[in-house]
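Below are two complexes that have chain A in common, paired first with chain B and then with chain C.
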Partner chain A sequence: MTPIESLLELFGNFTFRTMILSTGIIGAVSGLLGSLLYLRRQTMISDVIGHSAIGGVALGFITCTALLGIDGRSVLTLTISAAITTAVAVLLTNVITRFSRLGSDAAMAVTLAVFFGGGLVLLRWIGHSKLPNRAGIEKYVFGNAATLTGEDLTTIAIIGVLAVAVVVVLFKELMLSAFDPVLAATMGFSPRILQPILLVTVTTGIVIGIKAVGLILMIGFVMLPAAAARQWARRLHTMTLFSAVIGGLSGMVGSILAVHLGRVPTGPIIIVVLFAAFLVSLLASPQRSVLSTWLARRRHRLAGEVAA
Partner chain B sequence: MAVLSIRDLTVAYQQQLALADACLDVEEGRIVALLGPNGAGKSTLLKASVGLLSTIRGEVTFFGRKLREVRQRVGYMSQAAEVDWDFPTTVRDVVMMGRYGRRGWLRRPGAADRQAVAEALDAVGISDLAGRQISQLSGGQKQRTFMARILAQDPELFLLDEPLAGVDVASQDAIMAILKGLRAEGKTIVLVHHDLSSVPDLADDVVLLREGRVVASGPVAETFTEDTVMQCYGFQGLKSRAAA
Partner chain C sequence: MTLLAALALLSVVTAVTCSLPGVFLVVRRQSMLVEAMSHAVFPGIVIGALVSGSTRSPLMIVLATVLGLVIVVGADKARQSGLVTADASQGLIYPVLFAIGVALLSTQLSSVHISENAVLAGELNLLALPTERWIIGTTDLGPQAMWPLLLLLVIDALFITLTYRVLVVSAFDPNLARTMGLPTRTVNMALMVLVSLTVVVAFNTVGAILVVALMIVPPATGRLVTNRMGWLIFVSLAIASVTALLGLWVAYLGDLATAPMMAFTDGVVFLIVLLVTRLVASRRRALPA
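Up next is the complex of A and B:
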């Protein structure tokens, strides 16, 4: 069987198709949002989002199964509860940074630790409880794309499209406030309007990935495509596009590899693929890579020798 | 009516007063230089007047109105060092940002904006750099890019924080010529300035600040004297002025 045929067969299988499409969308959306965070030097905030999402997952599960009596493991319920919890965590980080003398790195460490620790305690409690459907909830730490349902894919696709739409519609404003927040403010593009929109978009856009690729690896999904894309792009438009493409392709390739290798978690495999893309970009991109710098130095040196 | 009117403006960073009861009136069509040693409150005065810093008390009006009513008529240019020059963007894109305020929320720049950008690039003499990555610019080219951006913004009042910092002689001459050209068009300019020797050539009025207080302000001929400079800078300022 040729590789193409085996790919087509993979796509014919519902579970694999769901998996590949989901990770592709998740990769593309986090790559897109990642490029904005990268340029604001805020990629670490995605680590806060990823880690504190575990508290949201646990709280959401308890609320849904114990109080509302619905399945607490769908991407929709997880996304809503995780988005709320992570938004609170990010706001808390901002509040700590603003009203104390702690730097933003320390503030992020504080909230990340509190929400992650609290989430682990709740997960352990769920594991020992008698709540229905509790099996597998602890797997969210690393994620498992094979457990995604068709409904999950729909949720991921809809939220993904919404996140992309926000970025496209507000691109001018987001670009200006990323490059020169002072000019943005004096022109009347108030951070009081932009910040909450960005916060909601980023938290929701990132937490849709947790069931498929896990909580603690989300920072890699946000940071690696952006860092790779930065090497190739000359303008923010292209960087954002490259970042989304690199993220989306890596998500799909990683999923296919995970299926072929069998019994390996999807998230970590995708991270390896993303890292490979990052490494190639770092070494070989035309303008700012290790290779191009070396070649330019060599050219200057040779020119110097000829002149001498 | 004053183009810019500042009354009792007071700003504090942490425990320290950065600006204490500053008062200032700027008339139309003048170039006003804000002078004073580091930490005197020059940049703070500009930033606080356009609402970038929270103030303790004081009132600022532009053309007799609140800033938010006349945003398009006021342009503020921060120090070039305050942005990330490794950002993936080109000179043309940065200058285009000057047009964003006129377009407002959600609307994209159009042909008229591209025309304004081309004219602004031409006015500061960097049309040939339009497609260049901003990470590859020299200090003078960065300042010219910022100047082109505020020209594209086309305000009536220009508030410039050190537009001549870190530039070579050619760029300094080019930027000073642009400022004088703007004044000839009836525009008003308030700038933070460090080079005392060029004050009489460039400015009409000076405002001397020291430790957050306005120690003297008025026309150059009357106010920019050895006494006031001495009072503002201490001995060092006097020496550098004598050398000039």
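Up next is the complex of A and C:
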């Protein structure tokens, strides 16, 4: 069987198709949002979002199963509770930075202590409790794309499209406020409206990956495509587009590789693929890279020697 | 020694050993470096455990510590290349190292005894069990896992005593430190080695991810109440001990996970202290002079 045939066969299988499509969408959406965070120099906040989401998963599960009596393991309920919790986590980080003499770095560590530490305490409690459907809830920390259902894929696709729509509609405003927040405010794009929209979009867009790729490695999904795309693009809209494409392709390639290798979780393999893409971009992109700088220097030196 | 006494000893020693180097990271505003390092050392721990068959071998500690330093050196190189933004340089390297660690762990699960749970939350409770004690003759010297941490605490304390002036000046005014001709580069690198070593040694008790909370939050809380470096160290260690005992006590009563509860307590205590200091400050402002 040729590689293409085996790939087609893989795609014909429902589980694998769900996996590959989901990781592709997750990769593309986090790549898209990552380019906005990357330019705002707010990259470590995606680490806080990823880790704090575990508190949201635990709280959401308890609310759904104990209070509302519904299955707390679907992507929709997980995404809603994680997005709310991580938005609170980001706000808490900002509040600490504003009201103390500590840097945002220490504020992030405090947020992690509260939300990640608290989340782990709750997860362990759920594990010992008698709540229904509790089996497997702890797996969301590392993620497992093979557990995704068709319904989960629909949720991921809808939320993904919504996140893309927000970024496309507000692109000009978001770009301006990333490069020059003061100008954006004077032009009438109120940060009071823009910031919450960006916050909700970013947290929701990042946490849809929970079930498929886990929480811990989210920062890689957000940053690696953006940093790779930056090497190939000179303008923000091309960078954002490249970042989404690199993220989406790496997501799909990574999950195909994970299926072929067997026994390995999907998230980490996608991260390795994304890192490879980043490394190639850093070393060898035509306009700005380690290789192009070296060649330019060499040309200059040779030109100098010829002139002498 | 009762189980509770062993648990209390191990928790307090872990918390204190972590927060001592954390003091300097907080004042240098490099807290998230711990987060990057604690993820980066993970493949070193897995490979070291694969090769040596234990998570306590010296080989594993050396290998993992070196990987932690890859973050420091790699981030410097990436920044110098001018191709990635400064805050991104750490965050680009550690996800892939952690990913390699997780992938290795999942394929070699049968030969390495590191559970996913241990990676997330450590095994503080297991390490305090009577079978994990260091017993000489009939004397019970407490949990074995406590002694490497104590040794590291002594090394940290010696290092800080010897280089105190350089550490303090370079934390608050790096330019002044260089002008004064102080060996800032060497001392900074040595501090980074100790931070990486702390992350690795603390892995067995608290896992790979909670360590950032234990290292940074007690000094951050201390920073809310004092401006003086000597006091800050003292207050941070005191807060670390108290929150460790408090966290352990709550976890023990409620049958909850110990290390995550310690981290959570650290965070809650920080928020309470922040609230109180802000209230006191605004009260003072409101009173007529």
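As a convention for this text, the second predicted complex is superposed on the first by the 308 of 308 C-alpha atoms of A that agree within 3 Å, B and C clash if a C-alpha of one lies under 4 Å from a C-alpha of the other, contacts with A are read in each partner's own complex, and residues count from 1 in each chain.
In the analysis below, a residue touches a chain if its C-beta (ideal position, glycine included) is under 8 Å from a C-beta of that chain, and two chains touch if they have at least 3 such contacts.
These numbers were taken from a predicted model, which means no experiment stands behind them.
By the touch criterion stated above, A:Pro268 is placed in contact with chain C alone, chain B being left untouched. Shared-chain residue A:Val114: touches chain C; no touch with chain B.
Look at A:Leu174: by the touch rule set out above, it reaches neither chain B nor chain C. By the document's definition of touching, both partners, chain B and chain C, reach A:Arg230.
By the document's definition of touching, neither partner reaches A:Val57: not chain B, not chain C. Look at A:Met187: by the touch rule set out above, it reaches chain B but stays clear of chain C. Applying the stated contact rule after C-alpha superposition, one finds that A:Arg124 touches chain C and leaves chain B untouched.
Once the two complexes are overlaid on the shared chain, A:Val259 sits clear of chain B and of chain C alike.
The partner that reaches more residues of chain A, of the two candidates chain B and chain C, is C.
With the contact threshold set out at the top, residues 39, 230 of chain A are in contact with chain B in one structure and with chain C in the other. Of all residues in chain B, only 50-52, 68, 71, 74-76, 78, 82-84, 87-90, 93-94, 97, 100-101, 103-106, 108-109, 133 touch chain A in the complex they form. If you check the complex, the residues on chain A that touch chain B are 39, 169-170, 172-173, 175-176, 178-180, 182-189, 230, 233-236, 238-239, 287. Contact residues on chain C toward chain A in their complex (touch as defined above): 26, 29-32, 34-35, 39, 78, 81, 83-88, 90-92, 95-96, 98-100, 102-103, 106-107, 116-117, 120-121, 209-210, 212-213, 215-217, 219-220, 223-224, 251, 254-257, 260-264, 266-268, 270-271, 274, 278. Against chain C, the residues of chain A that register as touching in their complex are 38-39, 41-44, 46-47, 51, 96, 99-103, 105-114, 116-121, 124-125, 128, 138, 141-142, 216-217, 219-220, 223-224, 227, 230-231, 261, 263-265, 267-269, 271-272, 274-275, 278, 282, 288-290, 293.
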